[in-house]
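Would you mind keeping the following structure in view while I ask a few things?
In order of appearance the chains are A, B and C, and numbering begins at 1 in each one.
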Amino acid sequence: MIKKVSFFVTINLLMGIMLQAQVLDATTLIQKVKANIDKVNDYEATGKMITNVTFLKVPQADVKVYFKKPNKLKIKNEKGISFVPKSAVSINLNNILNGNKYSVLDAGKDKIGNTIVRVVKLLPEDDNADVVLSTLYIDEATMVIRRAKTTTRENGSYQLEMTYGKYVTYGLPDKIIFTFNTKDYKLPKGVTFDFDDGTQNNKTSSDKAKSKTGSAEISFSSYLVNKGVAEEMFK
Amino acid sequence: MWNLLQIELFKISKRPRTYIAFVAVAAIVFIFQFAFKADGQSYMDLMLQNVKDSFELEKTKAINGYFMCYIILNTLLIQVPILVALIAADSISGEANMGTLRLLISKPISRTQLILVKFAAATIFTIFLLLWMAVTALFFSLLIFGADDMLIFRTKGEESQILQITKDDIMWRYLAAFAYATVALTVIAALSLLLSIFAENSIGPIIATVCIVIVCTIISNINVPIIDRNVKPFLFTSYLVGWKGFFYIGVSPQGVPIKGSVENWPAIRNSLLILIAHIFILVGASIVVFNRKDIVS
Amino acid sequence: MSLIIEVNHLSKKFKNNYAVNDLSFTVNEGDIYGFLGQNGAGKSTTIRMLLTLIKPTEGDINLFGKKLSSHRSEILRQVGAVIEKPDLYKYLSAYDNLSIFAKMSGIKVTKQLLMQQLQMVGLHDRAKDNVRTFSQGMKQRLGIAVALVHNPALIILDEPTNGLDPQGIADMRNLILQLSREMGKTVLISSHLLSEIELIATRMIIINKGKKMVEGNVAELLDPAHTLIEVETLDNIAAKRLLLQSAWAPYVQNNNQLQLMMDKKNVPQLIKYLADMDIQMLSVNASHSLENYFLSLTTQPGHVEFASN
């Protein structure tokens, strides 16, 4: 009995030591994630984008996302027009992980759905960089980022929420929900003579709070990885 | 009656002033198209204001034929009442001024018939003017700028919105909007007709019509709650812009536009009914007033 | 002979003024009826009531034996009119103007008919020209063509010679006589000039301030037995005294002037008598009483003295 107890204690201790080792190794974790992402030189992805911004009433758009190393990314709609949040280029994780000019801080563990994830904070060393702080939630089993929160100096903060499927080996998500800050939209007065149909917007305070953030949800149906992407796609 | 209408249309078609309206519409439309072809981006930037930094938008695609037509109608439909008044306000006063009214009245035609024919002719003129607007503002714009999805910039209550309508969901809205505009402008025609009975030259009723439209439009757009609630519903100008209702696409609770829908059909329908009621009242009043009038011109 | 126009106790009040006041008259078939009065006497108002442009305040109008107010269209089909100036659509051609008003009169319009009408008024070679380019006389002629195109039984002409040159006036007179004599039309013609009416009218009425002053056959009203003779002498008072004591006394007019109302054919005898009595005569003027009366209306509005009975 005592033996058994001591065995478990030993296991626990060992695990504790192992974990301790991993905590120390947050930088390595990032390196591994980065290596995973680095496998992709370029891709062309097909997907659907749903924009969810209070003042934008836009239909679901068929989009193509083009990427090329190191940090070229373009979201194009296949037909019609679409509002693409400018900060959406940050769905390119290279943006966050590029270079080594940041301090890596281990922030313990968290849970996304049923998956336990590691939380790592990145602090850029350059005081003038736009990104002030990035928090990454990494799934250790697959070495992919499940969630990324970024705070910027100029462009507010945004968050990426990613779910993975068959392209997990390349670190490419099936679905990204990108949440970002928006300003309140106000049309210049006197430009439109609107038809006042008498309907009033009954906005609650939570609606108002919600109007400060928007989100774009892109569900990818397919990726063409490392097949080459023409330069002119990024113009 | 048909015979009389033919005569009336013949008279209108022979008058140089009739074509002023068509030339004016074409000129305004052309200037718009030229300006937007040259520098539509600035307009887009103005409309997008503070969000232009947060969103990327292919502005050249956004400035397409459908969008152009909406912009042009938005501006033009404020001015077109003047053009309608130019003809409609001349209906009776012009005849009085020329001296032909006495001859008309001494013919075996009832005054009621005469008013109805004058009204019908003014309505047909209005329809042609709108068809011309459709050709120049919509079809020429589509030729020049191409077709694509359409953006509607709109103020709704306290809030501003940008609505996007896919290009396969637009044409019927324009058909409906032009039909609505026809009814709206027919109200102007009826108002001008009524005013024209009181005058002996067409300048007075044209100016009176334009003043009424401008003053009421300004009051309609003051946006002060007390006026919104107590005055606005009683001004016909509040309903003139109802054609826009066809472009206020309905949205799902998630904020996604629903193809083929309008946000508030009952409001459009009610506006339309109010406008039609105006037409009946104004034409009715014209008949009564004209039948009682002594022709001393 | 049937009554074409029958006006009974017709009045029209504008605000507080009566433009036409209890006016009654009749026009027979085939008449050229002169409607005489100074400007503002109520001629135009009456004519406009006959054409339903103005609604009477009181009284009624029968045309062709039917009440105008209840048989308007039917009656107006048989009436042609030129009301004051013959205003037409300036931006249309003579042909188009004629065509429009012919159609409005409810007749079947053919090119032949229209050209025939234009020929009648001498405008057939200007058929396609805009009325804008026409002289006043040409407009007047076109106005007549418009009034006649639907072959009306009654023609109403309001001051048709206004603005016409002497030749135009003579042409108009001949046309009216022709319409009456050759085509059997009934014509009502208004004027403020007696000289114009007396040359063509068969019957006439004089109105003043909306009221009838006199109505009758022109031949009777212009009877030479009622000629006003005005004598001018060196001493009118003495001459008048002399005449009042003579056989001429019944004819001497009771006013400040030396006037006699008498048969024109007795004038030589009067002159001889005055000469015999050594009256120094400067002039003797014979004028018709109606003309004088009418002049008194036109020159002294409101001061009416009827010189003859």
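Definition applied: a residue touches a chain if its C-beta (ideal position, glycine included) is under 8 Å from a C-beta of that chain, and two chains touch if they have at least 3 such contacts.
Predicted model only: the values in this text are computed from it and were never measured.
Chemist: I need the common contact partners of chain A and chain B, sorted by label.
Modeler: none
Chemist: State the chain with the largest centre-to-centre distance from chain C, centres being mean CA positions.
Modeler: A
Chemist: What pair of chains has the most C-beta pairs in contact?
Modeler: Of all chain pairs, the one joined by the most C-beta contacts is A-B.
Chemist: Averaged over CA atoms, how far is the centre of chain A from the centre of chain B? Could you give it in whole Å?
Modeler: So the centre of chain A lies 49 Å away from the centre of chain B.
Chemist: Could you work out how far the Cα centre of chain B sits from that of chain C, in whole Å?
Modeler: About 52 Å, centre to centre.
Chemist: Please tell me the distance, in whole Å, between the geometric centres of chain A and chain C computed from their C-alpha atoms.
Modeler: Roughly 101 Å, centre to centre.
Chemist: Would you mind writing out the residues of chain A in touch with chain B in their complex?
Modeler: 50, 52-60, 75, 80-87, 180, 182-188, 190-201, 203
Chemist: What residues on chain B touch chain C, complex-wise?
Modeler: 3-4, 7, 10-11, 14-16, 98-100, 102-110, 292, 294-296
Chemist: What residues on chain B touch chain A, complex-wise?
Modeler: 46-47, 49-51, 53-58, 61-62, 74, 78, 148-149, 151, 153-164, 166-167, 217, 221, 228, 232, 238, 241-245, 248-249, 251, 254-257, 259, 263-264, 267-268, 271
Chemist: Okay, in this complex, where on chain C does chain B touch?
Modeler: Residue positions touching the partner: 14, 48, 51-55, 72-77, 79, 81, 83-85, 87-92, 96, 100-101, 103-106, 146.
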